[in-house]
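Structures given as structure tokens follow.
Look at the two complexes coming up: chain A is in both, with chain B in one and chain C in the other.
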Partner chain A sequence: MKLNIEGLLVYFPYDYIYPEQYSYMLELKRTLDAKGHGVLEMPSGTGKTISLLSLIVAYQRAFPLEVTKLIYCSRTVPEIEKVVEELRKLMEFYSKETGETNNFLALALSSRKNLCIHPEVSSLRFGKEVDGKCHSLTASYIRAQRHSNPNQPVCRFYEEFDAVGRQVPLPAGIYNLDDLKDFGRRKGWCPYYLARYAILHANIVVYSYHYLLDPKIADLVSKELAKKSVVVFDEAHNIDNVCIDSMSVNITRRTLDRCQNNVDTLQNTIQKIKETDAAKLREEYRRLVDGLKEASVARETDIYLSNPVLPDEILQEAVPGTIRTAEHFVGFLRRFLEYLKSRLRVQHVVQESTPQFLKDIFDKVCIDRKPLRFCAERLQSLLRTLEIADIADFSAVTLISNFATLVSTYSQGFTIIIEPFEDRTPTIANPVLHFSCMDPSIAIKPVFQRFQSVVITSGTLSPLDIYPRILDFRPVTMASFTMTLARTCLCPLIVGRGNDQVALSSKFETREDFAVIRNYGNLLLEMSAVVPDGIVAFFTSYVYMENIVASWYEQGILENIQRNKLIFIETQDAAETSMALEKYQEACENGRGAILLSVARGKVSEGIDFVHHFGRAVIMFGVPYVYTQSRILKARLEYLRDQFQIRENDFLTFDAMRHAAQCVGRAIRGKTDYGLMIFADKRYARADKRGKLPRWIQEHITDGSLNLTVDETVQLSKHFLRQMAQPFRQEDQLGLSLLTLEQLQSEEMLKKITQIAHQT
Partner chain B sequence: MDEEPERAKRWEGGYERTWEVLKEDESGSLKATVEEILFQSKRKRVIESHGQVRLGMMRHLYVVIDCSRSMEDQDLKPNRLTSTLKLMEAFVEEYFDQNPISQVGIIMTKNKRAEKLTDLAGNPKKHITALQKAVDSVCVGEPSLYNSLSLAVQTLKHMPGHTSREILIILSSLTTCDPANIYELIKTLKSLKVRVSVIGLSAEVRVCTVLTRETGGSYHVILDESHFKELLMLHVKPPPSSSASECSLIRMGFPQHTIASLSDQDAKPSFSMSHLDGGGGSGPGLSLGGYFCPQCHAKYTELPVECKVCGLTLVSAPHLARSFHHLFPLDAFTEIPEEEHHGDRFCQACQGELKDKSVFMCPSCHSVFCVECDLFIHDSLHCCPCCIHNQSGP
Partner chain C sequence: MDDQGCPRCKTTKYRNPSLKLMVNVCGHTLCENCVEMLFVRGSGNCVQCDTPLRKSNFRVQLFEDPTVDKEVEIRKKVLKIYNKRDFDFASLREYNDYLEQVEDIVYNLTNNTDVENTKQRMEQYQRENRDVIQRNKAKLTREQEELEELLLLEQQGNEQRRLEVLQEEQRQLQAKRKNKQALLDELEQSHVPAAILLAKHKVRAAQLETQIEQQKQTVKPASLFSTGIHMNQTVSLQPLPRIEEVLYQYKPLQVETYGPPVPELEQLSRLGYLNHVRAAMPQDTAGGYTSALACHRAIQDAFSGLFPQRG
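Presenting the complex of A and B:
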């Protein structure tokens, strides 16, 4: 259907539209008009992706000079593929309606592992191996060597692409990863480099967060993207953690040992080259004197692991004299390494700021701040000069040098914590140096500065106002949309008491309480008897889950549950977990019924959807607060308080509630789906917790569903499940939660739509 | 285990929010209440069933009754099992009333096993006595869908192609314990054209959704006891036969009931064939009169029955006449919004005032009826009272 969104003609590839989609597009349009940033929350399963795409594509067509590019960032490869498929549908609709062929170019980009078509390289299993192998076939000096030595193996796909591919632009169309590979195979071009080159002139790019946020990769891939782009971060409820992770470094003893080996190898190689080809080292030295800004002829393949964000002026400067020659630099690295080793030998926990660290390192081993800053860049140069083909082995030394550069560049927003052992195992020495970023805005700042509109969207972003604060930007629109429903297909219940009136809570004081554990067990047992197919239960942590399950076993509760459903458990082992998941789904599929016990913040809570029968109920045992004793967290909380005036408790609650919302949101993946959301902790009933849940969940929590006992919960669930099992067809939705064009245009409906968006 | 006996006490059984059902109606403007949707579907059922469809008149139906632990639940009074069996008795009566030349068998499943309560047979009494006896049976363990289905199929697959093969499962449990992959069995059922329908007593289970969708049956979950009854009675009506099913002429015998006078010296008391295997059980086996098969003169005391000797189906003419109305159903009445209707303000049938949003008009005689009467006419009367009245008049 064709829509008129405040004067903009939008093609929408479906016959029906949800009212909230229309409202979402309105808000989005206003964001783009204002050329500002936006935060939009809309429940999953209401067609966020297609609304975003339809509107932005329409905008691009209407104002080609205002918005030149859409950069769509998603989290996982399957999600990326899904976006491209929606886009394809949209484009087909366009060409059907307008009758003209499209000149739109849209493509997905992923790592070499997903795009390589070289027969040997692509058969490798791990991303790192693929990258390393690719590098050893395509690096500029390897290709240079081939001129003298034709036996030197190179990648023919890259050669072909380099020779021809750059001149010929990628023909217009929609390319997902497989399309790119097919195209590459047909032409004999490398799809990865083709895609990386093509994103510069593509209209729509779909890729992972890291290509924009991780400074090590962003510098490579996204540097030259036009300013007039719209950036969309989908599923962005965890964006601050992604930012922080991309800037943090953890160093263990193992890293240092491997790094030691790397340095030794470097030393030997330098020695060897010195005997055979001293001129090369001299050449490098000369180049470094001239400055770091080198000719970027064959640069793109060479920079394999690039430096973290460096202020531009550093790149203009010359590398300081102390680390200019190769031997000196290796010596410098050795000293730095020894220093780190000595630091890891501590017996007690140390926490210091970056200036403190720099002063200490200067006092102890006389390393100045300036050479440290150039460490990463210098290492790259050296690796290039030494023509070390397999860079994958050098990840340890690269990590250390990145750390050196980061620690000397930023004096604020970071902290260094050295822990001699883990808190849980205080007897086993396992020293770790955490170089931890506390300010997510550092990583995302370039994105907000460079691009005209950045849209952050997800199903669970409540409370909306905290994101602009922790990411340090000023949005023009902030809105939360509810889900219009023809029948109430979600049923949030807050269980506060057991049948014996014992308050249910996972808070620290009552965590070990036998009565609480028994009542939790009772809840699961009773629910397993009334909920069909799959139940997903989330615990606050692995330790807590282990404790509870162990005592359920002793009390015989587990045995009783197993008469109703099979039990599967998520563990920290990824392979084990995916096995459990597979079997869980099988058990749901063939009617045996199953319970998956998993952990909030775990793999299951973030990435796995439990559609329809795979998740008829989600039970959240306790409030998933982070482990508050962690020093990194404490440092971050302190920083948030000092810099952004966010109180510790506010942030902790916000963080806990967004994870809880994520967990329970797993059950509802669309309007035809239905599910119970059970919050088993009396603290959820408090206004400060409840108020932080997304609005689309909150509005279904009535006073009658607060502080229930287990019995009441069972009664309500039974009633709800029977209601939901009644036949439900599309016609029942029409006019209420699903609209045709005519219905959309009616006065009354337009008035209703304006109430869907909830501005903050 | 120890919580089971305690739960048997009513006052400890937890809150039953009977008022919830009423509350739903007035909740928020956005939500269409489930009841309304249900009402719509009720009407739809009446409309849908009218069309030129071929109906399977000869039905072979196995009813599988879940007797697992969950049948002890007391959300139906006094408990699920008793309530189900009571309704089943009514169902069996009604079924034979509407489908006199069809057969029913009952299977019970509990403790991961399935066993036949009664074999496929056309005698309602036998089933009803069996059902009455079953009230005392203990509910234990889990049901097994696979075992019950395969037990039913073993018999059903030998039934002739022109009859409809059906299984109706009354499932209370939310779990099933199967010895093998049930999806293989579903494929077999599909190829054998067995139609499986399920009535769930607690909630929607995925495997049942797939089972019914694949085999062309229906899947319903009950809301309360009256809804349960309604859903059960849906299965009384013969389902449309699939176009693939065979057509054939069937030989039937219409035996005369002969009563030999006691004075007749030639008459000798004889056993009814159906008593020979002890299946009948009740009543004196030896009698003078009875129905004699026109082909082989075997004697039966009750009709309809399949002759044990020559395999001929024996029915009486009234039986056939009773299933007649399925073939010529009454046309659906047209629904007219109340505002547009100008005419009588009273329902022609019950003489009550027309208060609902819409009224229903018979397309042939243009009399108007209220919703309730519309349903009654279509479900029970099968003919429009006004049309009949006009015909018999001058």
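Presenting the complex of A and C:
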């Protein structure tokens, strides 16, 4: 259907539209009009992706000079593929309606591992190996050597692409990863480099978060993307953790050992080159004396996205004299490395700020701050000069040099924690240096600064106002949308007591309490008798799950449950988990159904959907707080309190509730779907916890379902399930939660729609 | 780490965890016991390279690679002499060249290449730059100053935060106690039913909580002078670079009022404008006020914009 959204003609590829989708597009359009950033929360399963795509594509067509590109960031490869499929549908609709072939170019980009078509390279198993092998076939000097030595192996796909591919642009169309590979095979071009080249002039790019947020990758892939782009972060409820992870560095003893090997190799290579080809080193030296002018010019002319690892002040200065020649630099690395080794030899936990670290390093090994700051850049230059083919081998020394640059650049927002052993195994020495970023805004800042609109969206972003605070930006729109429903298809229940009136809680004091464990078991047992098909149960941690399941086994509860349903368990091993999942779904397809025991923050809670009968009930045992004793977390909380005035408890609760919401949200993936959401902990009834759940869950929590016993829960569930199991046709939804174009244009509906968006 | 050992007596860290390795200027290791044994007389030659050594120069080995220990030792010595700072140079380029030169010296001394020449160069440098070296002895480089400043700030911040938290806690405690006492007093004296009083108290307690939360304020410690210069910053002794530019020419401001010309301030009384405004009182004139000023401004206001611009 064709919609008119505040004067913008939007093609929407379906015959019906949800009212909240309309409202969502309205808000989105206002964000784009204002050229600002937005935070939008809309429940999962209400068609966020298609609303986003159809509005932004329409906007792009209407104002081709205002918005030139859409950068859609998602988390996993399957999600990326899903987005591309939606886009394909939209484009087909466009060409059907307008009757003309449009010249839209949209493509997905992923790692070499997913895109390589070279027969030998693509057969490698790990991403790192593929990258390394690819680099050893395509690096510029390898190809230069081939001129003199035709036996030097190179990648013929890359050669072909380099010879012809750049002149001929990728024909317009929608390309997912397989399409790119097919196209590459047909033409004999390398799909990976083709895609990387094509994103510069594509209208829509779909790729993973890391291509924008991880400074090392962003520098390679995304730095030339146009300023007038709209960036969308989908499923962004974890974006702060992604930012933090991309800036943090963990250094173990093994890293240092490998780094030592790297440095030795570097030294040997330098010796060798000095004997054979000293001119090359002299050339590099001359370049360094002149400074990094090249990069500086590029940034001034605003071609590139800025890089947090390469701070601006570096570009304006020349490399300091202390690390200008190759030997001096290797000596410098060696000293830095030995210093780190000596720091790792601690007996107790050390926590210090970056200035303290810098002072100490100067006292111990006379390393100034300035050369440290240039370390990463200098190493890159050296690696280029030495023409080392297999970059993958040098990951350790690259890591160390990145660490050096970060530690000397940022005096705030980072902390250094050296732990001689892990908390759980205090007898085994396993020293780790955590250089942990506490400020997610550092990694995402270039994105907000560069692009005119950044939209952060997810099904669970509540409370909305915390994201702008921790990411340090000013959104023009913040809105939370609810789900309009023809029938209340979700039923959140808070179970606070067992049948024996014992308070249910996963708090630390009652973790080992048999009464609580027994009541939890009882709850699961009773539910397994009433709920058809699949039940997913989430625990707060692997350890807690192990304890409880062991205890259930001893008490014979497991045996009773197994009379009703099969039980599957998520483990830390990815292969095992995916096996369990597969079997769980198989069991749901036939028979009495199954129970999947899994862990909040685990793989299942983040990426797997349990549509329809795969998840008729989700039980959340306890409140999934993070492990609060971790020093990294403590440091981060302290930082949040000091810098952003966010209290520890607020943040912890916020974090726990977003994960709880993420878990229970797995069950409802659309309006025809239905499911129970059982929060089994009395703490959920408190206003501060409840208030942090997304609004679309909150509105269905009635006062009557705040502190139920197991029996009452079973009664309510029975009632709910029986009601929901009645046939439900599309006509029932029409006019209420599903609209045709005529209905949408009616006066009263428009009035209703304006109420859906909940501005904050 | 465990495979480190004394090259002479072959004891390793693994067999003797309390083993202490020592390093002297030549960069070769010996364990503490061997040092005690070989250097009873206070000096002797290195077992491995025959360099004459003193016992007092033995240091505990900090790093796994003894050459790094040696290098750091040498570097500290060299840096004592070569202590020019970046503001001693006219350009960054020169400073960088100087740094590289220092690095060369350290490299040569560490790797025993061209030792004699290098030492001579150092001595020569020391003679030539004696006063600069003396002067710079106490000064830190700019980077280090920044670091010190950051550390100081951090300390101050921590201290202040600790105090604030403490005060805050006490204040809260007091407020709560007072509130409780008030309730007791009221229960004792008032004739209102206890249930209502209790409810009131509950509301008041909630208000108190929110108040306490709102009171959080952050006071940033001052690190700047009022001029905007950072505290503890060294001001460079280099003369300021002269900027060659064309001299600034003053051009009087042309104001387009779009109205009839306003009479001059002096002429106002002659033209009779002042008859229509309040005469200035003696206390007004003390500050330099005259009624002509106000009149003039009012006329300006009234006249400007009377002839709207065409088009």
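FYI, the second predicted complex is superposed on the first by the 740 of 760 C-alpha atoms of A that agree within 3 Å, B and C clash if a C-alpha of one lies under 4 Å from a C-alpha of the other, contacts with A are read in each partner's own complex, and residues count from 1 in each chain.
FYI, a residue touches a chain if its C-beta (ideal position, glycine included) is under 8 Å from a C-beta of that chain, and two chains touch if they have at least 3 such contacts.
Keep in mind that what you see is a predicted model, and the values were worked out from it rather than measured.
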| item | value |
| --- | --- |
| Clash or fit (per the criteria above) of chain B with chain C on chain A | fit |
| Chain B versus chain C as contact partner of A:Asn519, first or second or both or neither | neither |
| Partner chain(s) touched by A:Arg335 [first = chain B, second = chain C, both, neither] | second |
| Touched partner set for A:Lys364, first chain B, second chain C, both or neither | second |
| Chain B versus chain C as contact partner of A:His613, first or second or both or neither | first |
| Partner chain(s) touched by A:Ser229 [first = chain B, second = chain C, both, neither] | neither |
| Vertex chain A, arms to chain B and chain C (CA centres, degrees, nearest 10) | 150 |
| First, second, both or neither for A:Arg345, with chain B first and chain C second | second |
| CA minimum distance (chain B, chain C), superposed complexes, angstrom | 32 |
| Residues of chain A that touch chain B when the two form their complex | 484-488, 529-533, 563-565, 588-593, 612-613, 616, 711-712, 714-716, 718-719, 721-728, 732, 736 |
| Chain C-touching residues of chain A, taken from the complex the two chains share | 289, 317-322, 324-325, 327-328, 331, 334-335, 338-339, 341-342, 345, 353, 355-356, 358-359, 362, 364-366, 368-370, 411, 642, 645 |
| Contacting residues of chain B [partner chain A, same complex] | 14-17, 20, 24, 27, 30-32, 34, 37-38, 40-41, 69-70, 75, 142, 145, 174-178, 181-183, 200, 202-209, 220-223 |
| Chain A partner contacts - residues on chain C that touch it in the complex | 1, 62-65, 68, 71-72, 75-76, 79, 92-93, 95-104, 107, 110, 141, 143-144, 146-148, 150-151, 154, 157, 161, 216, 218 |
